[in-house]
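Two complexes are shown next, each including subunit A; its partner changes from subunit B in the first to subunit C in the second.
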Partner chain A sequence: MHSKDIKKLSLILLFSPFALWILLLIILPHIGMVVLSLKEKVAPRVYQYSFANYLDFLHEPIYWNTLLRTGSMSLLVTALALLIGFPIAYYIAKIAGPRARGGLFLLCLIPLWVSDLIRSYGWILLLRETGVISNFLLWTGMTGEPIEFLYNDAAVIIGLVYTVILFMIVPLVSTLDGMDNSMIEAGYNLGGNGFTVLRRIIIPYAMPGIVAGCIVTFMLSAGSYLTPILLGGKNSSWFTEQIYNQFITRFNWEGGAAFGMLLLLFTSLVIWLGLKLSGQTLANTVAKS
Partner chain B sequence: MKQNTPTYDLQCQDLCKNFGAFRAVKDVSFEIPSGSFFSILGPSGCGKTTLMRMIAGFEDPSGGDIRIKGKSVLGVPPNRRNVKMVFQHLALFPMMNVYENIAYGLRCNGVSNDQIKRRVQDVLERIALPDVAEREIHQLSGGQKQRIAIARCMVLDPDVLLLDEPLGALDLKLREAMKIELKLLQHQFNTTFIYITHDQSEALVMSDNVAIMNQGQFEQIGTPQELYHRPRTAFVAGFVGDSNRWSGKVRSADGTGGKVETEQGLTMSFSAGAGQTIGEGDRVEIFVRPEFIRTVRAADADAIDGDGDNRMDGTIDSLLFNGANSRVLVRTGSGELIESDVTLTGDNDLKPGEAVRLVWSSRQAMCFAGGEQA
Partner chain C sequence: MLANNKTSPFLVGYRLYVAAFFIFLAAPLISAGAFAFNDSLFPALPWQGFTLDWFFSDTEPKLGMFHDRRLLQGLYYSFVIAIFVAMLSVFVGTTNAFLFVRGEFPAKNFFYILMVLPLVIPGVILGISILVLASDTANYLEDTLDLELEFLRPGIVLVVLGQFSFIATITSLVITARLKKFDATMEEAAFNLGASRARVLRTITLPFLRPAMIAAGIVGFLVSFENFNTTLFLVGSEAPLTITMYDRMAKIGSTPVLNAVSFFLMVGSGLLALLTVVVQRDKSAQ
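Moving on, here comes the complex of A and B:
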């Protein structure tokens, strides 16, 4: 009896920080956002419930265009991160020796020790008109005048891929690591060439990791604010910027809340579609890695 | 150089493999006749897996030649060799069902869909699992997985099938059943099987021929009976089957037999191991199998007759009951333990503490020169 009470107590003590975190920092704010987004200002300090904020979004093409643009750019970032991250993950998990593996993994982690802001400034130093690359091209004589590499879509995508690629590599390494080497050898032994083995064995096996990595990178990319603003400037038109504008510039909290909910719904929809198309479930992808 | 003869499915000549300074496989040569079951038996780390990986094409030999059906396969990548392999943990593809697993190799070879369907069904019937095509791999039992792994290779009509300790992961009962099953499958497909194992009972039960491998070299190739009854080296005598083992010095010898005194001070008669000449004063190792030692009660000892020119008195230290394979440990006067097989009938059996006499023939005491200390 006594020990049972202690068990119960320790369970409560262990569980309560988690429960508080979920409740206070995730569930309550989101309920607040939903309530807020459904309010419409009819007169000063007079509100009524309606879908007006959501209708605003639909009636103003620039809003939903921005959202679609954010979505498609994020998909591109995700695809690029997968394309670049997969060979890196494969090398770390399957080709590098056990000692090199730890070092390489660490190298992938190091950029994460620096804040988003500093990393973006790093890119600014490289890409701006008076930056390293521009000066180098001037010095070699390949160009006659300084070039501005910043404030375009390419700069935003480069910066985002750099920021999120780690979250692609980690789940990929862990799934590929769990793959028995003899599976690959069996693929060759039964007559497959390199391409067949990749397409029919390695990629299907790594699918949970690929999907998990894609979900995380897509979410991070669509929800990022600093990188698109700093590297894309006024041209970035990222949806998070619209949310910021509603809240801070226009002081329209109701509109901002609606936009926030829309971003959440939109990204969830994309992920749901992705899971349906790849035949995976949340349980065997993100929850696993 | 030997003439290429089509009756050999696989020939290896002076095959070597070095990993840096370590020589994993040293000058191994052998030939395997078509349609036979050949085992490579050796302790772990003896180089047998490296040898197999060279045959499959996953490792390049440092020297020597491998010929399949008379043609050298050096430099041929693994996916172009008609040598298929059953991996230790089978390596079935978990993301494909049984049908797709078996069809994989056929698809790689560009076989048409109709053909694939026919051949997969055909091979499933031959392994007596006609209804599992649509199952997922994780729904199969251990023995079924085993058979699917073999079917996946056999559907491609390989010249040689390599099996890398595929029974290692199974429990004892199933392993016993699979031994017989594998032998039957080999008969049925009539393909050359090369079976790698460290388990001697697997090798002895299934094989037509067994090669004993130790430290990168073949010690002896022969039928299971030859290896068991006429081992050519001390390693083979000690590795295949159980043995009582002594080292000692030859007191008197006439070339094929003689008397030896062991380090414990026992004197016994011996016969020289296959093809050996043992001279006086040589250091030797003697092996006597437990089933060739008769154990009789001291009281009945004088009644025994026949070819028991080695006799030793002792008391039973313990009795290891294991049904038909029961054994006694007898402590001799000099304090060492000798193992001997006994038949226990459940009626008036030997009991620990009883005084007994051990009797065995000098023909069953195999002797090898140069006894390295084991």
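Moving on, here comes the complex of A and C:
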């Protein structure tokens, strides 16, 4: 009985930090945000509950266009990150020698240790009209006058792929690492060519890693603020920018909260769809990496 | 294998692709760092010669970062915030690890998913939701009890809480992974030799977890230091470095002093990252 009490007590002691954290910093704030988003200001300091903030969103094409644009560009970023990152992860996990492997993996992680701001700043210095690439092209004579590579969608996509690709590569490397090489050899021995082996053996095996990478990548891209603004300039039209404008510039917290909920619902929906389509769960993908 | 022959054109092409990828990874970091040493008022080519003015000069127009009061202040606030976030996150990460590895309680899987959830919530949302709740609470207390709680208004405390809200997930995952590898027979042996629970925890289990706790602390410190999205909404008058730098960029435009700060931060985080590798390597030696 005595040791049972101790067990119970220690369980409660261990559970309380967890409960405080999740309750006070995650659950209650989100409930507060939902409540706030359902309030409509009818007179100074007088509010009533309504869906007015959500209707505003539907009635103003610029708002939902921005959300759709953010979503579709983030999907593109996710797809590009997977296409570019998969061969790199495969190389690190399966082709590089055991000594090169650790080094390459660490090299992959280096940009992770530098803030978004510095990464975007680096791209600005490379891409702008007076930047390194434009100057290089002038110097080689490939162009007669400086070229502005900044402030367009391509720059935003390059910057975002750069920012998120590590979160694609890391889970991919750890799943591919756990794969037995004999599975690949067996595929070849049974007469499969490189493409069949990739499609029938490697990709199904790596699926949890692929899904984990895609979820984190998509979420980071749709939720990013700095990269689209700094690389896309004034017309970047990213949804997080709308949230910031509502909150800080227009001081319309009710509208901002509604926009925040919409972004959250939208990203959750996409992630849920991704999990359903790939037959994975949150616990065996993101939690594992 | 997808390329057994060491000289096949496919493998050569593959290697070139990998090399190109690493150039892509390094390019913006090099350009951000290198222009800190260019003796020019603008972070752009042509190269005007080497200088350390952007670090140490104490006169305008080339005020170096170590004489720029606002940047130094930002650095200080970032440091204070990151220390608190790292300590809190390691503490909660450790209790979470014990909770989920050792504890038996109903709906454990559900709670585990709740623990991972903050990682998939956009940082902007975490920031505004915590801002909303804190302001609501502060307004309510002010209206009903005439109580003014300063820490619920945007400022350092809220920034720490906001960053902690998702960094705790990262540290929990790191420490949980380590605790799962723990061999329970080691504890049993100590119990059999007559050690108390507290003593076993202090002399056996916690030392085993220490590399993971240190690594998690460093990761938490770095993630806090570089965070922007969550911080943006919770920041008061004590702006951490990323916010100060962003302000500078928006108001003055790019200036090489920002490159100097970038270089400084890259070296700093590089050293810390190296430290995590060294700490983690101890693990395999044990």
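Methods note: the second predicted complex is superposed on the first by the 271 of 289 C-alpha atoms of A that agree within 3 Å, B and C clash if a C-alpha of one lies under 4 Å from a C-alpha of the other, contacts with A are read in each partner's own complex, and residues count from 1 in each chain.
The rule we apply is simple: contacts are C-beta pairs under 8 Å (C-beta built on N, C-alpha and C of every residue); 3 or more make two chains touch, one makes a residue touch a chain.
The model shown is predicted, which means the values in this text are computed figures rather than measured ones.
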Both complexes share subunit A, so when I overlay them there, do subunit B and subunit C fit or clash? fit
What is the contact status of A:P29 with respect to subunit B (first) and subunit C (second): first, second, both, or neither? second
Quick one: angle from subunit B through subunit A to subunit C, Cα centres, nearest 10°? 90
Which superposed partner A:T196 touches (first subunit B, second subunit C, both, neither): first
Of the partners subunit B and subunit C, which touch A:E185 in the superposed model: first, second, both, neither? both
Would you check which partner chain A:F167 touches, where first means subunit B only, second means subunit C only, and both and neither mean what they say? neither
With both complexes superposed on chain A, which partner does A:M207 reach: first (subunit B), second (subunit C), both or neither? first
In the three-chain superposition, say which chain, subunit B or subunit C, touches more residues of subunit A. C
First, second, both or neither for A:Y244, with subunit B first and subunit C second: second
So, A:I271: does it touch subunit B (first), subunit C (second), both, or neither? second
Pick out the closest CA atoms of subunit B and subunit C after fitting on chain A and give their distance in Å. 8
Common interface residues of subunit A - those touching subunit B in one complex and subunit C in the other: 185, 188
Quick one: which bits of subunit B touch subunit A in the complex? Just the residue numbers, please. 56-58, 77-79, 83-85, 87-89, 91, 93-96, 104-105, 108-109, 152-153, 156
Within the complex, subunit B is touched by subunit A residues 180, 182-183, 185-193, 196, 200-201, 204-205, 207
Counting only contacts in the complex, subunit C reaches subunit A at residues 1-3, 11, 14, 17-18, 21-22, 24-32, 35, 42-46, 91-92, 95-96, 98-99, 103-105, 109, 111-126, 128-133, 136, 161-162, 164-165, 168, 173, 197, 222, 225-229, 232-233, 242, 245-246, 249, 254, 258-259, 262, 265-266, 269-270, 272-273, 277
In their shared complex, at which residues does subunit A touch subunit C? 6, 11, 13-15, 17-18, 21-22, 25-26, 28-30, 32-33, 36, 84, 87-88, 90-91, 94-95, 104, 106-111, 113-119, 121-126, 130-132, 135, 162, 181, 184-185, 188, 194, 197-198, 215-216, 219-220, 222-226, 230, 240, 243-244, 247-248, 253, 256-257, 260, 263-264, 267, 271, 282-283, 286-287
